[in-house]
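I have a structure here, written as structure tokens, and I will follow up with some questions on it.
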Amino acid sequence: MSARPTPQHRLADPAAPARLAADFRRVRALTEALAAPLSPEDQCVQSMPDASPTKWHLAHTSWFFETFVLAGPRYQAGWEFLFNSYYQTIGSMHPRRHRGLLSRPSVAQILDYRRWVDERILATLESGEAGREALALIELGLHHEQQHQELILTDIKHALSLNPLAPRYREPAVGPVIGPPALRWIEDPGGLVQIGRDLHGDQAEFGFDNEGPRHKQWLEPFAIASRPATCAEYLAFIADQGYARPELWLAEGWDAVSSQAWEAPAYWIAADQRWMLFTLTGLRELDPDEPVCHLSYYEADAFARWSGVRLPSEAEWERLAEGVDPARGNLVPLTKAELERASLHPRPCPAPIDPASGLAQLFGDVWEWTASPYSPYPGYRPPTGAVGEYNGKFMCNQLVLRGGSCATPADHIRAGYRNFFHAPSRWQFSGVRLARDAP
Amino acid sequence: MSARPTPQHRLADPAAPARLAADFRRVRALTEALAAPLSPEDQCVQSMPDASPTKWHLAHTSWFFETFVLAGPRYQAGWEFLFNSYYQTIGSMHPRRHRGLLSRPSVAQILDYRRWVDERILATLESGEAGREALALIELGLHHEQQHQELILTDIKHALSLNPLAPRYREPAVGPVIGPPALRWIEDPGGLVQIGRDLHGDQAEFGFDNEGPRHKQWLEPFAIASRPATCAEYLAFIADQGYARPELWLAEGWDAVSSQAWEAPAYWIAADQRWMLFTLTGLRELDPDEPVCHLSYYEADAFARWSGVRLPSEAEWERLAEGVDPARGNLVPLTKAELERASLHPRPCPAPIDPASGLAQLFGDVWEWTASPYSPYPGYRPPTGAVGEYNGKFMCNQLVLRGGSCATPADHIRAGYRNFFHAPSRWQFSGVRLARDAP
Amino acid sequence: MSARPTPQHRLADPAAPARLAADFRRVRALTEALAAPLSPEDQCVQSMPDASPTKWHLAHTSWFFETFVLAGPRYQAGWEFLFNSYYQTIGSMHPRRHRGLLSRPSVAQILDYRRWVDERILATLESGEAGREALALIELGLHHEQQHQELILTDIKHALSLNPLAPRYREPAVGPVIGPPALRWIEDPGGLVQIGRDLHGDQAEFGFDNEGPRHKQWLEPFAIASRPATCAEYLAFIADQGYARPELWLAEGWDAVSSQAWEAPAYWIAADQRWMLFTLTGLRELDPDEPVCHLSYYEADAFARWSGVRLPSEAEWERLAEGVDPARGNLVPLTKAELERASLHPRPCPAPIDPASGLAQLFGDVWEWTASPYSPYPGYRPPTGAVGEYNGKFMCNQLVLRGGSCATPADHIRAGYRNFFHAPSRWQFSGVRLARDAP
Amino acid sequence: MSARPTPQHRLADPAAPARLAADFRRVRALTEALAAPLSPEDQCVQSMPDASPTKWHLAHTSWFFETFVLAGPRYQAGWEFLFNSYYQTIGSMHPRRHRGLLSRPSVAQILDYRRWVDERILATLESGEAGREALALIELGLHHEQQHQELILTDIKHALSLNPLAPRYREPAVGPVIGPPALRWIEDPGGLVQIGRDLHGDQAEFGFDNEGPRHKQWLEPFAIASRPATCAEYLAFIADQGYARPELWLAEGWDAVSSQAWEAPAYWIAADQRWMLFTLTGLRELDPDEPVCHLSYYEADAFARWSGVRLPSEAEWERLAEGVDPARGNLVPLTKAELERASLHPRPCPAPIDPASGLAQLFGDVWEWTASPYSPYPGYRPPTGAVGEYNGKFMCNQLVLRGGSCATPADHIRAGYRNFFHAPSRWQFSGVRLARDAP
């Protein structure tokens, strides 16, 4: 079996604990930096069952380390119940929809809890006694926390948007506006390709269990857009009565349009003759050049149908992403310069963090709905134990999104990443990239 | 019509503005004292549509003065929308069920708002230029704020009770426990009696519009219990399968029992072989001698039926209350000493405020459900203008409660007071006093 | 106690069984005549939980006699469960909202069931061996069945109204149209009056338990309208933006208007520039002279407020009704001729049945909402046993209606009758008569 | 393009109209034979929004022919609204959940409607003047009607099951009971295979649009069970606490188990120490040898996980089905005799209709959940016009089922057939066949 390295292989590097400790400090600090602009009340509200209060995210990400890595007595009786998200095999849990009622513990108490966890995890890493399994769980916990960093932003955006005062998460930054590049169609001959991650290979970087195994798939020739659709393009769909023509919509999509009176993406607000956007930096006028965002799957699909094309499958999307990844070949004729200039996804490698705010790159572009239902790759097996609940049990009635958004930490983005949400969801930074069959 | 003084008569006293200013300082301070033990997060949560966040109460009571008394520009654009409770004639309002989403404005901002309103109202009172109508509205606003003082306590009790950690509003005080007096039946010959308040008389104290006019009513002879029912008495009802016998219940009451699986009053928690109570000072064992509390009307009614008697009408209840009121005669043979010893309602006059906490007398006994639907007294007319929405528009599908609870400010209690809630409500401090026809 | 005749007194008349047998034949036949125009499918549908399928009414009224009068084995196992309406002390019951799923037993099987019950009840009456209690229960069962005769009509009207084909219950009859008399205000000095029925007196006619006992009540001087309001009068309320002015409505009424988008009474259908009515004889144009009908309590109350007056209490209404009843005096200056000419309620005595259709007098005017919550009269005691559930357990959150409608069997109408429905209900033939305080 | 025959190719056969006329008579008669045991009331009830009344199926299948094939005036104004199922491009439609309120038109009127449509369609076919497109639509309409034949049975089964009397659709037939064959694992080497139907080929039989186009897919080696799972096998899952172990379930599956208190498949009724089944022929004891049926996708998936294996993909399932189809090769070592003996699906060719009842083969085995979300095959295009709404717009949040059930008309079953339902659905005859990766 020496030919099949396990996760422990990568973590067997003697430098691994020190590297993880540095990552741990950085990731944990960013989470708190994201919460810092928010008052205790902001951090307590829950605007819908899908979203969680900021302070719950602060606590749950700590619960994850405490539960899966630390031994010994719990920090506080009852908290294992409050901050368990959905791990049934760990025990029962507070109902998700009631997280906003937890005025206690306070933000201050939860920050104390974070300190307590931080000390113990760092001590474990620095002791040199952490086994490979513990290292793997700490690494998993950091990627888990990065997911919640994005959710802190999407969830508070939703909550603030429901406040008639339209409050700001932070002040808007003034930056250069760069128009989008012209849309080009990038062709791919298809054939018997490979997608997914070999999570057990010699050179394997971290990936969630659902990103593997790497496996064969047959693709017919196709073409895929060189960038996500813009608001200008989506406005043409709206102007052509896109929201009033049932023939453009999936049946369940049309039900959503009708019952919820959708007339535009989430956070678009009609105001005499123009569209305003509610953003984390306040209300502002919509920019036709920015990627269209906060679409449900239904809207992405209807927009594609109206455009006479379709959504890409996740295999097609991943072909594009890998094509620009130097580590995997160069199947796609995008130049690195092109990518950097437009600063549009997919980003093949992490961009540097803005040193000024610690938040740079959190604002940019969008997750892209694919046409692929979220299903296990052939040969997928969830890990044993409670962490097996992480990804596998959600593989039903959701769709895969690819790419990473402006709210995704830069070093959390990778070509093989499979995000997933329900078709009606709109509170994530979700947009659309078009694809089509080769002629 | 000179024989019929208007509200302005009482307020025409030259000392009225100074007295109101003192009341204003005292009442406003008590509201903030009630909120003081609560964190910003505690003050933000809303546990059900019926209840409101503490900070919303802090703001709304200020909105009331700003809206009805002050002229000139509003304190802050948009707040008149957020903090309007239900005054349709003032304008539209934020949906009640979404009050818990208002993380902004913060508690601190709302306290600033209170200061701003306080200064202006006090300036108005001290200027000597306030007209009689303004004085009447300030007086109304103080009584309005006292209602919200009670709601601050009932609403946060409900919210905290849903937290699995069972947090405390404040630490329990240790005090002498006084057993209840034996229950006696106080007889009344009935006949053509008068109830209600003459709100326009020469000697008229303040009363809400719904407490008048004073009017005639015919009563058959009846008897009424000398005190509310105790937990011990209610436990006998439970032990006799009271919650499992439909013949004891109103049809809608039985539906509530069945659909909500009621087995005891709200806040009773079964714990191996005994009952625990969730209270504002934490979980504690139930005391069989305390008045039974947090009953719905349905439970009060079923308990009375099981007891072979009935609930009093509000006229019967008021006869009892007036009987012990020296100002109105002495029809009922209760001695003042009896009343004071047991510290049970109805209290004919305000008890002194506990100088230590400023909260004294807020914890004690219960509002008492009557059998009387909340309807206008004969000849009732709501005031003109928006304050006419205060009481009149709720006169449907609610029942009158009398007496005042441990959470009612002591100087807000009076014999003619008509509180009202829907039959299934249990989050108020609501109990039961029995009555019966004369034999 | 010989001075206090019991119900048995009236039924002790040796002719009582024969009279009851004749009544039984007549009432049971009318029920089936009402169902006759309906197909088996019509008789099976249930359009909302409040309404029941026709064939369920046919079965339930038979279940009543079988359950309360007949001894011996039941007709069919399981049917006592299906056709119990709400008698918890008899046993459990099929959920009300699922009555429309009972495709079996068929209409034909239920008619067989009726035959079986008829034979046994008539045999009981004709045997001369029925005790007084049995006679009383048969008499009660006939009045119970008459209530369901009205419900057959109101419930099928609701069901047919939801069919886009707007089908007819029966063909319209052509008759003389009589304009309404001018509205007059009938004054009453009030004072200490008596209302309610003495159900145990020597001369007592049948009355439901909730109609008694007769008792004293104090009334202030008042005036009451000589007839119900007409559509013309109600149209003026609509034209004056009655449905758009919250200050005219009870708070819960305004919620209903807003959430259900009410713009007119039930069954009014706006059709280019005019109002159409859905009726049991099909769609037709609204006649401004007919009594306004299918109002909720909220609408009746708002209309009264808009009119500058109020709804009558049930005591006031009964004063009017008794005033024209020769048996009770002549307090009110209405002539019998006036009443008969307009064919408007209250009818002091039953009108003759139309010999042609057996349905005469089923179409005419309206139940009238009063301002009185449905509460027990002083001294009211429900009968012991399961029939005690008949009326008493509904005495909460409903309002009393008086008078009887076009769908009420003529000999089921009486001055003391207390009908009751929830405030939002509109599917009954419910209208409004105005009242006001004496000047 | 002569190399790519269109649907018209098959229908260009001069014998096609006569063959279609014979099919038309047979299929239309079977629909009515299926409704014949049901009373008018049975045919009117709707037990849930997913299900439709029998008579609605009778009318809708006729509406389909009238709408898509016949020209000229409609049969009856308003019916195009009532009997449109979901074709938005045809016009608006009666809300699905209200179909059970349509007591009119009656069953008799709908049968008249069927006669009217029958005459015109047969006249069209016999005239020799029907164009190829009309022939294609008639053929589509027949397959559409066969789908509704199955729904007539599944929908009335659900409705009757809610009747506490547990009525029968028809009397049980007594037949030989044949035990299931032992479960064998049939291995398949996988590789680059082809699945789906070439709907435009020279030899193309009829298939729905969603069954094509035929396309390549890569399969890893796998094994698939030789028959569906039996009740005995499923009972072992139940006995092993399958319904109480969240680790066996998809997250949404566990939510369904918890919120709906599932403890067994639909229609299983626990009765002292044994399981009863509600069936179309009444309540009877469960036979451990029969295929387990009325499973949701969640249950099928949990059962597979508990079994240590998984569900097949639809490609794997189709490989098995094609393997036993002489027209496609013989990859799978099942003998035809084996298949016929056990009478288990997949049936490679239609079985003969039972001449006695016209219903033969309607009772037998189960649709089999696959792990494949219902998505378009690569290159799929819906037809233009309203029939394009037939299949394509439902390709979201549903799972593919394969095989055909005991309620599927025998000549409606084929290897490429893609049925689809939502994961929680249990009212179809849905079971489970296991699969696994090759070792």
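Each chain gets a letter, A, B, C and D, in the order it is written, and its residues are counted from 1.
Here, a contact is a pair of C-beta atoms (placed from the backbone, for glycine too) under 8 Å apart; a residue touches a chain by one contact, two chains touch by 3 or more.
Keep in mind the model is a prediction, meaning the values are calculated, not measured.
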item	value
Co-neighbours of chain D and chain A - touch as defined	none
Centroid-based (C-alpha) most distant chain relative to chain D	B
CA centroid of chain C to CA centroid of chain D, Å	49
Chain A-chain C separation of Cα centroids, rounded to whole Å	62
Every chain pair in contact, whichever chains are involved	A-B, A-D, B-C, C-D
Chain C to chain D touching residues, read off their complex	38-45, 47, 55, 78, 81-82, 94, 98, 100-107, 159-160, 162-165, 167
Residues of chain D defined as touching chain A within the complex	86, 88-89, 192, 215-218, 220, 246-247, 249-254, 297-298, 301, 371-373, 375, 378-379, 388-389, 393-397, 423, 437
